[in-house]
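Consider the two complexes below, in which subunit A is the common component and subunit B and subunit C are the respective partners.
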Partner chain A sequence: MSLVSLSFFLFCVLLLLCYWLFPKKIQWIVLLVFSLVFYAFAGIENSFYILITAFSSWLGALWLDNVSQKSKQYIKDNKDNLTIEEKSILKNKTKRKKKLILAGILLLNFGLLCVFKYANFVIGQINTITRLFNTNTTINSLSLIIPLGISFYTFQTMGYLIDVYWEKSEACKNPLKLLLFTSFFPQITQGPISNYQQLSSQLFSEHKFDYQNFAYGFQRMVWGYFKKIAIADMLAPYVQLVFQNYNQYAGITVLIGIFFYSIQIYADFSGYMDIVCGLCRMMGIKLTENFNRPYFSKSIAEYWRRWHISLGNWFKTYLYYPIAVSRWNTKLGRKCNEIFGKSVGKNLPASIALIAVWLTTGLWHGATWGYIAWGGLNGLIIIFSMWMEPVYAFAKSKIKIKESIWKFFQVIRTFILVTFIKVLPEVGSLTAGLGLWKRIFTNHTIPTSFGTLLPFVNKLHLMAIIIGTILMLIFSLIQRKYSVGKLFNKIPTVIRIFILSLIITILIIIAFGLNNVSGGFMYEQF
Partner chain B sequence: MNNFKKVLLHSLLLILFVVILLVLFMVPYFHGEYYFYQDYRVRQSLSGKLDTLIIGSSHASRSVKPTILNEELNINSYNISSPVMSMYGRYFMLEKEIKRNPIKTVFIEISFNALTLDRKKLGFEGDIYVLGRLDNTFERLEFFKNAFTVDEYKDIFSDTIRRSKVSLEKDMVNMFKSLKNGKKEPNQSIVQYETLGYLAVPSNNLSMTAEHKKKALNSTSIDIEIKEDNLEYFDAMMKLCQDNGIRVILIVTPVAERMILSNRNLDGLFSQYIELAHKYNCEYYDFNLDKKASELYFQKTSFYDNIHMSDQGAEIFSKRLAEIIKKVNDGEDCSKEFYNSYDEVKDYIMD
Partner chain C sequence: MEKLMEILMEINPDIDYKTEKNLIDGKILDSFSIVNLVAQISETFDIEISPKYLIPKYFNSVDAMWEMIQAILDEE
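Our next item is the complex of A and B:
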């Protein structure tokens, strides 16, 4: 069910009515039912896989918890009879057992994810290699339909399982509650990837109706739709046209195309987040924020702390830290410290962890060389910046540039870099992505008319895009110091409702006017 | 509970505002949507495939069958004509289709009042049809802004409400009919989807007796003054085609005998059109001057009214048009197949 559809609107109305009119005790059951219905809309056959993930995680977490509790209880009961050595042996045995359970469930779930997302990529690579050796044996690709949101729910649920393994979180006793945590519909297609402790406390508690929350949530939803329909979807045809035929356009047109893409993907993804966060807020649930004005970042590393925050946090918690503080990596760091000095000793283990994280992030986004290169490039730039930090600091102190100008330069530089890197996997293939870069730098044709500079965009259309983007920029600037929601609420109610009506009317006109070409959200594909 | 009441009240207010705003904003959109010339989805699906366009007013939309041209000339054509189409409307539609299709040939129909009609006197009907054929709100707003005056907006607004009422009544009647008959009433617009923009109309017997012909001969005259506005957009269309390397063929579609006989100044009008064809160096064929006109078109079943061909007439005319183009494409000189003036045609008809 597309979030930009009449059926979703009716779905939301029905959900809100049930959620607020049914007894508070069963609010979470209402959410579960609606989440399952939402999921079933994407194909009932896919529900099987989400059920496997939910129930294997539920079982696994209970098992892990049980093993831990039993071991602790045994040690507690035999505190006086056991020697320190025996206690240590018992703890290690428990740890090994827990590791095995965790590995088994992670293997099952990440295995499923890999089969759906990467099997055809691997088959393609094997076929390429066999073709190089002139053998006629080719493996047929599998006709698999990727279950809706598999990347998101697998990561979220596995995060929960690891938390239970680390004893950061308690195991959920009720399988249906864990099913709700896994399948909670607002975040199933594009996240945010929530932490169990943070989300479960809200999902399963009783919520009282609050007008302020409801109104704020609704306003945020409208703003999200504005970003999606009035900006992202308006830019989509132009971006698509330029990306598909970049060889036919002037370098300047392609350059504008990639900047349009940057705006489009932000409006699309953050628009989605506003819609789902707004809807959850209407039900008294605060979802993890996924964006913090990312295009105002001063470095790529900062950008990734402000863009798709929940994914970054997941990788940081469950991949970066385990690698960075692993025994072999810290040992390597210590050795490098002794041989090459403090800087290498500190940066090398971090660099290894970073490159692992970024290659995985690339793969998570898609099974193509373009995404792997994109992830690798992001990682390399972050590592390079980390190593070069002392040089930058030295250069800055020598140039004696004003702090504000320096910051402005950093923001612009980061935005340009991010924009260029972003398009690499989006043109179809890595070769095409590189071809697009080449076109920008090697084709210096000056378009003779507006039509050739911005094909397929009429002036009115462009004006609407510019107004929408400026509005988005102004809101981002305001957000730096103030809450836009709070400021908006200061406006008299009738005027506020009129403004909202005006935005909704514009959105209906655009959506209807574009003949419902509004496709799905861009991040759904991941 | 107060909270709920507040939400309910505010929701109602929001819905009320949205409805009012939608009615105000969507007038240009819905107005166009009412008519059955709603073929933009078909044209969208053919986008990038069309190589030939036929553009004109009702004369062209009811007499040129793209399906026949496609079959005979092995082309991919579409008839984007619509009734009372203004020159600005034609230019707008042509530019739009040229942008998204690899167009090689354009047939521009310039029958009778194509360049002589006065948009101010004629009203907005033609532009309303064009409005309805555009793909999205932005295009419609752009066209609306340029094609209509503020005063016309008021008329359109009241017209929309009237039409909506008529449309609703029609829908209700159709719904009850289909419930009663157990089958869905055919949608008129579907016909046009299959015919690539051509609009079929039934035939009426318009044959004239010798006495009628005598009575009608040179009994009236038509306005032959080409209007500046029309010429401006005609010129823009020509330039647009020239810039895109498109072959332009100007055609005058057949009209009934009465129309030819009764107007005394037709040569005066069409000599101006011939001059325009020379000026822009494009082909020009007036099928009223076709030596086979009497044998082909002036039949009992060829016309719907004096100026519009019937489905049968359109079938014959489209085949003839394809035949002439085929001959020209093969390098033949077709000038011998046409009379030189309307006076010659009149003499022939009177004989």
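Our next item is the complex of A and C:
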């Protein structure tokens, strides 16, 4: 069910009616029913896989909890009879058992994810290699339909399981509650990837109707639809044209095209987040935020702390830290410290963890060499910056430059870098992505008129896009210090209703009349 | 406690660790510093810091870190 559709609007109205009219005790059951209905709209046959994930995680978490509790209880009951050595043996035995349980369930669920997302990529690579050796054996691709949101719900649920393994979170006793945590519809297609402790406290508690929350949520939804329909969807056809025919356009036209893409993907993805966060807020639920004005970041590392925040946090918690602080890695760091000095000893463990995180992040986004290169490149830049930090600090101390000018330069530099890296996997293939880069730097044709600079753009559309983007920029600038929602609420109600009605009318005209291009959201493909 | 203070001063001597209670939530220490800090604490106190401890709660202040070290020593 597309979020930009009449059926979704009716779905939301019905949900809100049931959520607020039914007894508060069953609010979470209302959410579960609507989540399952939403999921069934994407194909009932795929529901089987999400049920496997939810059920295996529920069972696994209970098992892990049980093993921990039993062991602790046994040690407590026999603390006077057991020697320190016996206690240590018992603890190690428990640890091994828990590791086995965790590994089995992770293997099952990440295995499912890998089959759906990566099986055909692996088959393709095997076929390429066999062709190199002139053998006639080719493996046929599998005709698989990727279950809706598998990347998101698998990561979220496995995060929960690891938290139970680490004893950071308690195991959820009710399988239906865990099913809701796994399938909660606002975040199933594009995240945010929530933490169990944070989300469960919101999902399973009773919420009282609050007009402020409801109004704020509605306004945020409208703003999200504005970003999606009036900016992202308006830009989409032009970006597609540039990506498909970059060889026919002047370098400067392609350059403008990639900046269009940067604006499009931000408006699309953050617009989606505004819609779902707004809808949740109307029900008194605060979803974790996924964006914090990312295009104002001063470095690539900072950008990734402010863009798709929940995915970054997931990788930081469950991959980066476990690798970076693992026994073998810290040992390696110590050895390097003795041999090569403090800087290598300090940076090497983090660099190894970063490479693993970024290659996995690339693969998570898609099974193509383009995404792997994209992930690797992001990782390499972050690692390079980390190693060069003393050099930057030295250079900055020598060059006398105003702090504000330096920051402005950093923001612009990061935005340009991010824009170039972003397009690499999006043009179709890694070769095409590199071809697009080459076109920008090698084709120096100077367009003589607007018609030759942007041959494909309708001037009226361009004007609307510029106005929309400027509005988005102004809001971002305001957000630096104030809450846009709170400021908006200070406007008299009549004027607020008028503004919102005007925006909604414009959006309906664009979505169903003028533009008629509103497609799915970009991050749904991941 | 003194040993812990020495480690922290080595990582960033410009921070007033005695009064600072928001080292992580206030983004004063980043993830690179934490990795370095964990490696140094593990070596100095001969403990293994499991990823379960890598949350702001245990790294926001010197006292919190000290409590974490004691908890791990008790566990072991």
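Here is the rule we go by: the second predicted complex is superposed on the first by the 521 of 526 C-alpha atoms of A that agree within 3 Å, B and C clash if a C-alpha of one lies under 4 Å from a C-alpha of the other, contacts with A are read in each partner's own complex, and residues count from 1 in each chain.
Just so we're on the same page, contacts are C-beta pairs under 8 Å (C-beta built on N, C-alpha and C of every residue); 3 or more make two chains touch, one makes a residue touch a chain.
This is a predicted model, so every value here is computed, not measured.
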Subunit B versus subunit C as contact partner of A:Ile399, first or second or both or neither: neither
First, second, both or neither for A:Ile504, with subunit B first and subunit C second: first
Touching partner for A:Ile339 - first (subunit B), second (subunit C), both, neither: neither
Contacts of A:Leu460 with subunit B and subunit C, given as first, second, both or neither: first
Touched partner set for A:Lys168, first subunit B, second subunit C, both or neither: second
Larger contact residue set on subunit A - subunit B or subunit C: B
First (subunit B), second (subunit C), both or neither touched by A:Ile446: neither
Which of subunit B and subunit C A:Ala353 touches, first, second, both or neither: second
Subunit B and subunit C contact sites that coincide on subunit A, given as residue numbers: none
Sites on subunit C touched by subunit A in the complex: 31-32, 34-36, 38-39, 42-43, 48-52, 54-55, 76
Residue ranges of subunit A touching subunit C (in the complex, touch as defined): 88, 166-168, 316-318, 320-322, 324-325, 327, 330, 333-334, 346-347, 349-350, 353, 386
For the subunit A and subunit B complex, residues of the former touching the latter: 20, 209-211, 214-215, 451, 456, 458-461, 464, 493-494, 497-498, 500-502, 504-506, 508-510, 512-515
Residues on subunit B engaged by subunit A in the complex (per definition of touch): 3-4, 6-7, 10, 13-14, 17-18, 21-22, 25-26, 29, 40-41, 44, 99, 135-142
